[in-house]
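Chains: A, B, C, D, E and F, in written order; residue numbering restarts at 1 for each.
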């Protein structure tokens, strides 16, 4: 007989979930390295390593206690496992933001923003949603929002930060011609994009499944399994819809769009996968894929230059996914969902804007035109990603 | 001595090379180039935006020959074997060179080829 | 004290196994993307994404109930987890087939075949082996075949479908010279091949280990551990034998052959890893590796053009592995194994043949010569896999 | 109610840990394939496949019983799971060594050394530390050394073998100019390096977490979670320190150094992650990162040519990590740690030296200058890694 | 007939190409080359050692023109559009060729261009 | 003015470049090409089938010089430093050019080099 079987099993399960999420670190790294031009690959990878290291460390030293009040706020699983699981989330916010402004950002200023997010901005949002909740009892209390694994808490948060960054930093040099025409800047390595997207997909099983919080009862086991199934279905449906829409529209298959569609579906389904019945994610995720196909070219036209499609995947679908819970789950109120979306946006967007603005002014976050022309790799890293592969012009 | 440069479609290289060897031209240097001309590039799609890739991959063959006769042979062979009849088959350019040296032996001119 | 501890633990274990299998999705994608020529890489990746999405969705909406009779056919673990585990298998069949006809197939017709397999062909085979068994009591009943994780049910099934496809579609343009000589078409990216093969290998632990069905008793725990150990040994032995044979024959090491040998060993050991004693997989997997080294050039000579070696890995070794259980496990009858192999082949091959034939006629599955020459990427995707890497002729 | 719940759960947990470690196989393969030049990529990958196959098989057939005395030396988990977990370690030793002498070694002689390590050298070290301990009671008994997951047993062992190999084999042709100047030989594929490093990082969770040996009590669950947290923190800190130091020194970010720093931190923290309190790994891992930044250029200057930085990562930090346990954990004695380090070094270095020396004499381990010039791929594999990517000079 | 070879900075290619087309030169062949000259290469860092990459990526444009007038036009256009004013802008070389053949049609000389 | 084109073995490039600089030739343009000639390609193995890679990687160096004297120097230096004595060392071709322009300054002929 075991003492504390649920403590043991849930700790084990949380570690399992956390490990899956860590696969998202190389996942984001490969996705972004594949989507940018060869001359920026090394720096994008350096940024990804930096984010995991700096964001996690900031969260460990400062953010975690701020978010949850203390290291001992729960006793159902090992506190270290609980921390690890939460820590695994942090970097994602900055990944979303850094991906969207890649090919034009410098590394040190990005590290400063990473500290700000890991120690302060993200913990604030966790505090008022999943954590200690300093807004408890106030009008702004949004803890009633139903957001299992962070359509709003993670994805929109990252998306708002990115939107602020794009406003401040502008487009990549050469992205828009003098006459305003959009110049296409194709991805440099499609296998990496695909690999990255699938690693993210797998990480999502841990993200959402682990967010159920426990597996050690029949109900929880079912909830975890349903959550993972619904998560997966959201991704499948997002991919299929994006696939069909790009084909009907362009008579070609655009794999970067299809994968973004899958990720959009995954984001969309993230707020309520434990509450949706089995076929609902087909709608929620499918809409997620459709939104991506719609918004990627739209943002492009609006000159919100986002090389990896992060605005469409994370911000648009983070919002959609949070609302979708109200649509498809009776017990969830539209108002609570909407309030959650708005409060988070109203905190993260201006906060990020100010922080990024200041960082950009003082430490020059945006690489200048000349630097963008030669590529961030040469300027910041002094190292080419593929020095032996002859570059085609 | 003559230099013959031919810009051809990449997938014709093997045929051309084999035919050249058959007529006794056993040295050549090739490089991957890109061409712009009457042949239209193809359209690509990326994230909802279409664009035209204007430069088309071609192969350039450089052959140095000692006599006009060989030059004529080479031209014939290339014309025949690089032909598909569709736009973009490419061109052959002929010019003079004044000297050739084989590095290994130091031989010059005809002997070096 | 937990209620239902075995329900909980086995649900968790099944989720764990399923996640490992999902690593085979990027596994197949990377393997195939590495084995084809640069001009077909984007389309091969697009096909892999499509297969996971479309096959899983078809299975969820139609195939699963057909295969197992209902969503509630078992109660020992969460029905969602059970579904997820089964769903993780489906795409593999089409991966086997699509890999073998890559560089010459168009995407939409392939998607149609994917639906056919996910909704109908594969569920038929599952039905008569692991599922509801509509052949129960008839002469054709093959449920007595011993096939733990699908040497026949998965791998031969995919292999037969591929064989049908190759008969219909013929070789890649340029694979055989006018005089009949074989032209070598080398793999374009060996690191991707290696990565893909190892992801498949890891996925196999979930495939076979999870197929034990439960871990929540001492016997089951031992069975799972033995199964994973034997699976691994089969792969090790396949690699070593392929390594030795290619070296003795050619005095060179051909890593694509060695990795195919490992995969061949893994396929071979898949039918009986829970029943083999510890050293048996050395023989079974080793023979698997040998068969690959033998059959890859043989199929090549027979003009069955299979760029990834799927016939040798999956069909030949699927058959061998199923027979091997009878050879090495006393209680297993040759006749049952043979009957299983034959019935599955007799169903899948003609069925696939007809379906592919019709699809090819109406929707033109096979890309024409011109399309193959410029590459499927340009024709179907309008996107190069590595646009900035100068192509060597 | 379950019989033997701890047997079941710990078997499951061990399988989980083992699977994570197997991700280190593609991890090492990608890391090394990215760090060497294009002309040696296929052979490096072939060596990685060979190592996993041959080392594991040697350990299964010979080494395991030698190390642990018998297959039935423990009963707390399935003996197959115990074996699998131990087997997952073996290849690492040779990976460390083979990585450090890559671009100049031939494959067959390397396979012979792999057999020696898998069947004999590594099992000897396991025997006297974690295993049967034939030195028990003698003056050389080092079983009191505190080394949870092998800072000494794994990493230093690999490092000593590598040092011996470098002494015997010398530097790569062209690494040092006639006047003694160091020639820089850059990595050929940075995304692969990054992917590989993260797969190793994730594998480390299994390596160290699994080494706790059990999760089926509250104390063990906490120990496992703490171990994984501390492991991760060591990596984070190693990366950050390496990042900061390279930046302060060179004003550029060198991602290969940062990743080596992370790995150095992971190695350093490997001896005591279950015993360190939560903030200690910041120091231990940070020092690990610093040692890498210091030692990589130092070894380079000493003409110990090590293309992947394995000496700094594994040998230097293996030693540092083992000592660190004595520094930060009161109950651990300096003398026991030091004695462990010395005895292992005194066994592995000379033993490896003799074995490699003999292999090199008889079977010519070191590729000659001409072979190194054209590249090991052409000579040994007859296969280019990226035949369609035009090589830049 | 003349052959014009220009070595320019890669990011100027599009401007040059557009300008050439504007003046009626509708065929060209380009290749990626590396240049050594007055322009300094950049420093890279690898594992604690710095080194200079001496060869700088350039694009070579080859244009065959039938008349001196076209040659003059091409030179003007390239000079203007490849100019940044910084070291490394590149060079234009002019030489004679004796014959041109269009593979598709067999046309020769002026007609082939 | 002369154009010197040399096809050499890639690993000899650094020696040749250093030697050229030493004799005062400070500009050159290089490209990666593939050669076919007397030197045999190597055999590769893929999935049980062997095949010969016939084209061998070479480097082409292009140098434009103003005087015959410089041309002679360049040839000497290349001959010496590209030599291994084994088949495939490559060749040097010399031809005339009529004009050179430096884009940055507009300088022509000798001054442009």
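One rule holds for everything that comes next: contacts are C-beta pairs under 8 Å (C-beta built on N, C-alpha and C of every residue); 3 or more make two chains touch, one makes a residue touch a chain.
No experiment lies behind these values; they were computed from the predicted model shown.
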{"item": "Shared chain contacts [chain A and chain E, defined touch]", "value": "B, D"}
{"item": "Shared chain contacts [chain B and chain E, defined touch]", "value": "A, F"}
{"item": "Recurring contact interface, reference A-E, options C-F, A-B or B-C [over half identical by residue number]", "value": "B-C"}
{"item": "Same or different residue numbers at the chain A/chain D copy interface, by half rule", "value": "different"}
{"item": "Separation of mean Cα positions, chain E and chain D [Å, integer]", "value": "51"}
{"item": "Separation of chain C from chain D, taking each centre as the mean of its C-alpha atoms, in whole Å", "value": "33"}
{"item": "Approximate Å spacing (C-alpha centroids) for the pair chain E, chain F", "value": "18"}
{"item": "Chain F: positions in contact with at least two other chains", "value": "30-32, 34, 44-46, 50, 55, 95-96"}
{"item": "Junction residues of chain C, two or more chains touched", "value": "1, 5, 9, 12, 16, 186-187, 189, 195, 250, 252, 254, 256, 381-384, 386, 389-393"}
{"item": "Touching chain combinations (by label order)", "value": "A-B, A-C, A-D, A-E, B-C, B-E, B-F, C-D, C-F, D-E, D-F, E-F"}
{"item": "Residue numbers on chain B that touch chain C, as the complex places them", "value": "10-11, 13, 30, 32, 42-46, 50, 57, 59"}
{"item": "Chain E partner contacts - residues on chain B that touch it in the complex", "value": "2, 6-8, 31-38, 54-55, 58, 60, 75, 78-79, 82-96"}
{"item": "Residue ranges of chain B touching chain A (in the complex, touch as defined)", "value": "34, 44-51, 55"}
{"item": "Residues on chain C engaged by chain D in the complex (per definition of touch)", "value": "1, 5-6, 9, 12-13, 16, 20, 37-38, 186-191, 194-195, 198-199, 201-202, 205, 209, 215-218, 220-222, 224-226, 228-229, 232-233, 235-237, 239-240, 243, 247, 250, 252-256, 258-259, 262, 278, 282, 386, 389-392"}
{"item": "Residue ranges of chain A touching chain E (in the complex, touch as defined)", "value": "373-374, 378, 381-384, 390-393"}
